[in-house]
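Right, one structure below, let's go through it.
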């Protein structure tokens, strides 16, 4: 088991706990990590865990598993605090990434209102959403295709916008490269970007911002 | 002079006249083309003609030359008709491409109102411009960086939008690849795209659309 | 159901109705959109709907489904008007994209003659087709591989050519990047481009052009 | 002058004022913007203004110009507050981008300590710097080449790290693409990214984070 | 069988024996190579041999097969010598590539200690591992995502570091391009790189270095 | 059946007959083309026809089908002439592309000796093969990975070398881009290139060269 | 002078003589190569030799220098034979590459008729040229932008077409990548490709084809 | 001067001393580093220092400067030991990178024989050179274009080959991407790669290999 070296103290050092990224791991590796977690009695988040693998590595149903966001939580849920975060998305197809961001926030004790399907092709939807977001401290925006949402939104609100480009789209938008370019080249200052489809990373960054401003959740990651 | 074979009948065949793309031609080649044009007595548009080369190939000032758009016209101007076209741009930096589109339209007898500097970071500018564009038959939109203008505009107007991505921008936006992706991946249906910085091509396409709908200028390209 | 926010007024605002792009949506999401549509009693076009998903989300056969173009229509067909559009393709392999364009036009009330398999390797086929297309108001051209069709055709007709590069091809042509480059870099002015395989977008753009010229179909999208 | 449409109310709406990106503008355009600014009596930041152009557009020396960061400020300086930001860089060669970030922060009233030349090849430098950064609310990290600094730093501090990949480097690192990939793919959660060499954008994002947490500077952008 | 022309003398000429790269070969081709090998009585390493194909081409179980690294050895094992090599990896997900490197070294008689899961996000893990690696003659480092491990490690040890970027990662890191760039652009001198996921090549290079220094294993590749 | 427009006169016009590229066609489309072919009584080559599709479209076994090269011939074989062509490949894994080239040559009446598995890592194999190829009129060389074979071979023989880069390889060589670059950038003059994996195109080019020199096969493509 | 190792026997071995590619060489290096050439009394071709460098390395005017194609010949001209080659180009801007191909052919004793400016946008020009090219043994076709010329021409003639994509074009066509893709993905079989702008390589390949068919020039490269 | 933080102990820690990469530094920054170096009395290597900058920062001629390799040494030369390294290059145009590698080795006390201009197009040159290299402990191979030298050489010698792809080449080879791919995808095991044009990095890696084997130079970097 010498290939597993979990960074248990990450939360103490950086404010965000380690999580298990399952996509490139074998079921056997995930099973051993889960066993270590159970043994230690620590809460743990598993991301990019597809339903087939979840069934295989968690036959007893130890995880609180969500099939849309492909996330599983060990150790139960904690009380949620509205710390000023929000999640906004351009289309129905972005629901998976939205879910990963929301579930990560919730794992860390942060509750966040969500506005989905507010793409700029129907501009009234963005303008409408922006009104509700005026008092937010940080906004996670999720969009694929040309991801014009990032620039439009950042021009309408005061909060920093964490852009999560998604791999939703076809042709030149395939794999999210166009949405990523759109986020990075945004003409609206104050947009910051995370990797394509990286809802988890956006949630961690949001938490770090909230913590740094003194608005983070009171407790996080303790076994309830 | 066997290397010059101008397609004099293009306007009769396709509705748009041949023009001379100077960027990759030597001054000597452009000089000979100008001589042929003068000899034949035909109006002609020269594009991508930088000021230094213009001075070299046109010492007598035969061309009506515009240093911003790098275009020169031989044979004088024609009366302009407002056929329902318009040109819109996101930023001051797009002025060169806007100029190439406008000068091409004017060479062909089409006058078109212009709205510059209406980038989405200040969304009120786009919304304001869109109101004035409700009755247009075709809109040429010019934008660099993330080019969110294309999608926002196309969601607000009925006219087809010809997107001209520009090479304005830095980092990932350099050379216009991000703006091009943004145009092609637009979530707003009805956006069509031409090559990066191709104001000339956008104007030709607009003219073809106007001609096809029976709204093209009455006369075009004849020596006045 | 807060993640579904359909832009019902898009047709009134832009001349083209919203459609449902199914590729990145889960069957559950599509099912809910279909239910909303039925409830509202509006006609609706579903694109990128593969046969397996269609069987799953439409067990009662509410959709008029076409397995070649992967499109489904809810709400029945409308009378078709020949408004001056046409669809041309380079090879048999482009049939799926041709179908998406045609079915979208037809959903919006536009009938359009089609010429398939007129690739330039047998040049007589293009020349032959071009003769029949002299009176068209807009031509949708569909081609993969090196897509020389776009330039050849645009040099022979007066109508604007909407190029749809397809992902048909192998090696460097894989994914349609070569065909896309060919469309954008065309030496024949008047070619405009949409995203790779985007037959739907081409049809929407064609409709906008026809509408703008006053030649659009009389009625569109009403429940018959 | 119809091509200049400055978004004067941006600061009120989003917390960061509009600035003038000079790279793609002609000297004539910048001259006119400066004139408008002077007339209106507003403070203004000019970025990507190379020394040659500065000399040309500002013969009277109205700007407080810094030749390293290529930035110029109109309207004088304001008092600086240490709001909890910091700037860190990997190498001497990143000084230009560091300067753009710092000057932007200072334009907006934020003073920030700086640690330069702490690249990971001499790891003790990063560890040493990290100790001094434990209490910061936001850190702007600037690095080229493989930019390992972003991940190492984010694993050692609690503050959110805004990564600014620079175009410093040769071979595969040319133009900053490798550093950008390194920032986006960072295994350390909480890294967010801005465009290559975009010190201005990083500073704006930092200000938005500080503002959102209630730690922004008291006054910003008023004429002193 | 004229399509099989094995370079049996490679070990004598270059110090590393030929191996069979199975990924692009048909089961029939691999079967014939195995038969030739058995007939000749030579030890042989088969790489990129997935479990399904192994079962098909080796029904009698002639190979010592390892399903994690997808490697099979014909001809039995040899005694292992610790010649000064070591293998280090950033994450659990890199185990497949680590295995290919280790199995290749062992096939050639080289035993090497391994340190897995020492990614830089928990920097103490790298620093800890570096202490144990001070006396090594060559280190194979395996990492995906942004692969900051290569630079950090090479700044802490005297041995040459052979970087093996892996295809582990999502978004921009997909396919290992970011990790590859990170290895090549490393600011720490003395890093050399092999192809993405190429554990085999790294092991061969390590052996060549050990041989060249006079520290290679005494015997290699003979039938035991 | 209006979507099938076969260029029956291609052989008369260009010296090479039309063939059917099956990869992007539906089984139904291929079935109809085969039916047309049978009806007309013409020989026809089908390429990129995988075994599953072949079974589906040719239940009666009308085609002479080769599962390695994925080619099928209708209309029987013709006598083969050795016109001076040869096929050489770097590795066993290139057999599929070698087969496509050979089968295409044979369909057109050209017999060609083949040398496989002569990669440069064992240089003696190339030198050995080059001796046998001194009198050839055209050589088709097939290689993946870094494809050094093209340059080495072209420096040793007088015949033109048609390079066929293959998609064989991993990491940066995936999809054949590295081999393609190697062919195009070859320092040995006289190398010409076709698309990745395009054995068919290489054979057609070889035939055109032989025909042009007056050495083509006497008869080609007639029903025997 | 140990860094100069000219392959004097290349013509004997491969049919094409070594030439000196000057682009990446210093004037001092070219000067020494010229001195060696003069001393040995061999004819030699210098390519990619810009006018400034030529003036510097050849103050005595030993070379027959052509400023359009950037080629210089040492050792005088030889009698030209029309062996069946021809050179065709799409636009005036391709003249430099056309010149490099022609001068290389002439250096080797091959005279070839040329047709320039026959781009497909005016299709009649290609059709007209194709008539004159029916009896050619090999055609070098030179084109930039989308390079549709390659496919159209190859569908009309029996000779093999050597495509030389040029770096002429803007936007996506910049650097010749689109034209290169167009050549490789051509739907017209029998097109072979050389590197972007590589007129020299195309001429060498053409000579090898002519030689292989027994139609090469009687003498080549001897001092007249 | 807080932006200069030189890693003076690097040699003690890793076996290779820090050097100053001048390409992205301003003359002022280099001047200050040189002053620090002189003050401290340490030998120092300056790389990527073009002649113009050298003249500017070193008016007193403190550096031993080489205009071909763009390297300067402060502190005098040390005695050279032949430790078993060698440098080989494919073409005259690679001389700059060869020089950077050699000068770096010599700065560190390693003398190394050099073989230039042994490209594979004249294969006898490589075979000839390989004979002389049989006893080497490490070989630095430098090549641009398709860089077939790497694979051919690695198949003929026992020493590890450090491939340095160069940016020499045109078209697809521009910037060295093709040569880099060729090195990484080499079919000859035992090739390791450094960044494009990185002669310095290759020399550092070679020194680390020699040191690790116990064959490094006795003294290095001390002031003589």
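Order as written gives the chain letters A, B, C, D, E, F, G and H; numbering starts at 1 within each chain.
Throughout what follows, contacts are C-beta pairs under 8 Å (C-beta built on N, C-alpha and C of every residue); 3 or more make two chains touch, one makes a residue touch a chain.
Since the structure is predicted, the reported quantities are computational estimates derived from the model, not experimental observations.
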Contacts common to chain A and chain E (chain labels): D
Farthest chain (mean CA position) relative to chain F: D
Reference chain B; chain at largest CA-centroid distance: E
Chain copies touching (chain D, chain E) - same or different residues, decided at half shared: same
Euclidean distance of C-alpha centroids - chain D vs chain F, Å: 57
Distance between chain centroids, defined by C-alpha means - chain A, chain C (Å): 35
Chain E and chain H, separation of their C-alpha mean positions in angstrom: 27
Centre-of-Cα separation between chain G and chain C, whole angstrom: 43
For chain G, residues contacting two or more additional chains: 10, 91, 121-122, 154-156, 169, 171-173, 180, 184-185, 188-189, 195-196
Those chain pairs that satisfy the touch definition: A-B, A-C, A-D, A-E, B-C, B-D, B-G, C-F, C-G, D-E, D-H, E-F, E-H, F-G, F-H, G-H
Chain D-facing residues of chain A, complex: 10, 13-16, 19, 84, 136-138, 154-160, 162, 180, 184-185, 188-196, 200-201, 204-205, 207-215
Touching residues (chain side chain F, partner chain H) in the complex: 90-91, 119-123, 127, 145-148, 150-152, 154-156, 169, 171-173, 177-189
Chain F-facing residues of chain E, complex: 2-5, 7, 9-10, 18, 21, 23-26, 29, 33, 48, 167, 175-176, 180, 195-198
Residue numbers on chain E that touch chain A, as the complex places them: 68, 89, 91-93, 95, 114, 116-118, 121-122, 125, 144, 168-174
